[in-house]
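For reference, chains read A, B, C, D, E and F in written order, and residue numbers begin at 1 within each chain.
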Amino acid sequence: MPEQRTAIYPGSFDPLTLGHEDIARRSLKFVDRLMVAVAHYPTQEKARLFSVQERLEMLQECFADEPRIEVTDFSGLLVKFCDRVDVHLVVRGLRAVSDFEYEFQMALMNRELDPELEMVFMTPGVEYTFLSASLVREIASLGGDVSQFVSKPVLDRLQAKLAG
Amino acid sequence: MPEQRTAIYPGSFDPLTLGHEDIARRSLKFVDRLMVAVAHYPTQEKARLFSVQERLEMLQECFADEPRIEVTDFSGLLVKFCDRVDVHLVVRGLRAVSDFEYEFQMALMNRELDPELEMVFMTPGVEYTFLSASLVREIASLGGDVSQFVSKPVLDRLQAKLAG
Amino acid sequence: MPEQRTAIYPGSFDPLTLGHEDIARRSLKFVDRLMVAVAHYPTQEKARLFSVQERLEMLQECFADEPRIEVTDFSGLLVKFCDRVDVHLVVRGLRAVSDFEYEFQMALMNRELDPELEMVFMTPGVEYTFLSASLVREIASLGGDVSQFVSKPVLDRLQAKLAG
Amino acid sequence: MPEQRTAIYPGSFDPLTLGHEDIARRSLKFVDRLMVAVAHYPTQEKARLFSVQERLEMLQECFADEPRIEVTDFSGLLVKFCDRVDVHLVVRGLRAVSDFEYEFQMALMNRELDPELEMVFMTPGVEYTFLSASLVREIASLGGDVSQFVSKPVLDRLQAKLAG
Amino acid sequence: MPEQRTAIYPGSFDPLTLGHEDIARRSLKFVDRLMVAVAHYPTQEKARLFSVQERLEMLQECFADEPRIEVTDFSGLLVKFCDRVDVHLVVRGLRAVSDFEYEFQMALMNRELDPELEMVFMTPGVEYTFLSASLVREIASLGGDVSQFVSKPVLDRLQAKLAG
Amino acid sequence: MPEQRTAIYPGSFDPLTLGHEDIARRSLKFVDRLMVAVAHYPTQEKARLFSVQERLEMLQECFADEPRIEVTDFSGLLVKFCDRVDVHLVVRGLRAVSDFEYEFQMALMNRELDPELEMVFMTPGVEYTFLSASLVREIASLGGDVSQFVSKPVLDRLQAKLAG
């Protein structure tokens, strides 16, 4: 009997886009359970649009329909978090060459820090290849309509945040 | 109880390098069974160093120790082969930006042809990031020593082929 | 009164894809007239799937609805053709980094050969960013369905050609 | 009779380089009128070397000889500005792969926000391919000679600003 | 009798990694003497982990065994420093495409500022291709083990700095 | 007393362009002697425009004014040639990202085959960044003027070859 396979999908998710959601849901084709993990670094919190708490809430709302996705957060090194939860498979999305170079560097570095860790990369649906959380923040802050780029729970919070 | 997960690792493998072997073995961290599948196209066979039959034999020898890896071959479209064996997860290695662009294009195209198909990408060990089958062929044909780039069964056949 | 603006869209178009059509039609937003020009080089004709004559016919059928697009062909240097028809604006599509590097090199080289020549680059619709004529040929020759990648006149000829 | 074609060339222009000027003047080969538009975002003004007002003045001086170029500014989303002035063609320069990836992402995103908008890309003269406004600022601030990279009006203001 | 060849290896070295050390020592295969030069810009000192003084001390300790390497620092433009010490050869390491584009731009710009200056690029050992000073800082600050990425003198100071 | 430094500049040089000449002459800033070495592979000779003998003659004519440059040829592996002539420094030009990836792969592979070998990369003058031997061949064969891309001895032979 095969064991249950779990992967971690780490990121800032500030905010979660439809591209992130697409990667998360697609990964369930080859893992039984996915931990979507919000990375937080105390020193960078000021620069964020949403707090870790807000991001966790949005992720929970967006993935409420999918019992195989668990939402969590971590601080510190990814390899230490992987070790603590005993999950050694990490999923990341790739959209562009610049993504690729950074992810490639991180994959090799993480493997150096933990030879057990394996990172696998996926491509989002073609309609999301140009999407990024920073672009969503920028467009929303300039009053643009981002309803085709994020889920309803994220859209509501973006509007509340920017109106506030 | 989780179902058994199978993936396909397609390629030319002309010949199999240690980089290919590394990707195949690492993939067993998240799949239960891997089909390493030699792609063959009748019109391109003349340009190959090894015949499909020779490549299958080398692959079988190199993976003889790993019962979870099955060696096979296919002709025609990858998506049709995936459909025929009812496996919808494909593994590919990424070493460089040029790999990435090509693989990205193929991943989007294959998803267009079969929305069920998912391609996941992995990076080989850092010591194999510069390795390619074509470089191995070129060095071996010029009399260079490729013993650190391929397994013993491949090395033996390369030497026999080039001496013949 | 502004003069009439004409551009040339050169390419192999072996065959014309929906991505090519998209670039051609979008260019009419800033030019009054577009010459879609099939490049032919006697020494490369053997490697083509369709003859220049067949490609011209397909282009004419695909753009029959658009009086502002003229279909033509040329051999020899692009800069000489531009000079002969007295059009000094060239349109090209960009999909990926590898496209970009090649096109950038050609744009600088062509400007060296003809300082009057200007090349402008456009991106196709996101749904066509993974499309290429060579991929269409490959998929069609392996029996895949390319009906979502090419227009009806191209599809009919592809099927006739590959059945023949 | 063809209608008059207008394009927008948006940017920070902090300061305008000879590479920017080259793109602007070359674009007049295929548009009748160009609006060079200084983008300003209240939150980023502190980080700029020149104020929007100073940049507008420099642009006006540099393009004083060209009646077909109009200098303006905008805040907020580019697509909204395009809509307000009813111009749906945007010109951008491309120098390197990193430019390309960013511009490609923006082009696809902007088309999503406004399907009427078309972005076209141009390459500057080869002697400007390594030039950027940030490099000009850095060299000038370290006391280097930038007279071969910017026009006289920009050079004068750079020297006054850095001496001040 | 050939003259003595000297090169400059400029960088931030915040801190020096084994990848930097590798480039420096390899360069001695083609130069007789190398000046490893810490670049400092007053306005950026706040963002640094180590002061210029600390970085100079670490460099001196790491290269204490190599009399052909001299450690120094400079502020202002690299081309002016090269001119002052009358050394017109600059060595830089290349690890990835993003490095390449930046370095290429700087090489062309520096040649414009000083036609005598020549920049040569080297690749570090494959085991260092994923290493960067910023990654070392990040991992160390999150409590990760960086002992395989930096020399003993750097490791000691990193631990003292982060404990302090 | 420093020893004499020699480097090898290997390539196909089919034909030598002004970009190649630029790299060769610039390298004399840090080596005392340069061996420009025409690589030849029996199996590829048919595809060449010029024979190895013709390329050697053109190189000798183009570098006749520079006694520090020696023209030679080699077949087989570059690392074996380096070993035979006891020169362990190799110079290569870099123009674009695609060059970089290939050269990076070769540099790592060659170092694996010969740990003593060091490859250094240089950028040609900005006016040659778009030049390649294959582009020169293509333009010349289509009747274009390549007099600004190659030296007189190469131009004469190109014209004789293509007229013949």
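The rule is simple: a contact is a pair of C-beta atoms (placed from the backbone, for glycine too) under 8 Å apart; a residue touches a chain by one contact, two chains touch by 3 or more.
Predicted, not measured: the structure shown is a model, and the values here were computed from it.
Q: Keeping to the contact definition above, tell me which chains border both chain E and chain F.
A: Touching chain E and chain F alike, sorted by label: B, D.
Q: Supply the minimal count of touching-chain steps required to go from chain C to chain E.
A: 2
Q: Let me check something: if the centre of a chain is the mean of its CA atoms, which chain is farthest from chain F?
A: A
Q: Taking each chain's centre as the mean of its CA atoms, which one is most distant from chain E?
A: C
Q: Compare the contact pairs of E-F with each of C-F, A-B or D-F and report the one sharing over half of them by residue number.
A: Checking each pair in C-F, A-B or D-F, only one repeats E-F, namely A-B.
Q: Over half of interface residue numbers shared between chain D and chain F means same, under half means different, so which is it?
A: Mostly the same residues.
Q: Which whole number of Å gives the spacing of the CA centres of chain A and chain F?
A: 47
Q: What is the distance, in whole Å, between the centres of chain A and chain D, each centre taken as the mean of its C-alpha atoms?
A: 34
Q: Would you give the residues of chain F that are in contact with at least 2 other chains, written as numbers and ranges?
A: In chain F, 97-98, 101, 104, 108, 112, 126, 129-130 touch at least two other chains.
Q: What's the complete list of touching chain pairs for this entry?
A: Applying the touch criterion to every chain pair yields A-B, A-C, A-D, A-E, B-C, B-E, B-F, C-D, C-F, D-E, D-F, E-F.
Q: Flag every residue of chain D that touches chain A in the complex, lowest number first.
A: Residues 41, 76-77, 79-80, 97-98, 101, 104-105, 108-109, 112-113 of chain D touch chain A in their complex.
Q: Spell out the residues on chain A that touch chain B in their complex, using ranges where they run on.
A: On the chain A side, the touching residues are 1-5, 7, 26, 29-32, 88-89, 94, 97, 100-101, 104, 107-108, 111-112, 118-123, 125-126, 129.
Q: For the complex, which residues does chain A have touching chain C?
A: Residues 97, 126-127, 129-130.
Q: Of all residues in chain E, which touch chain A in the complex?
A: 96-98, 129-132, 135, 139, 142-145, 148-149
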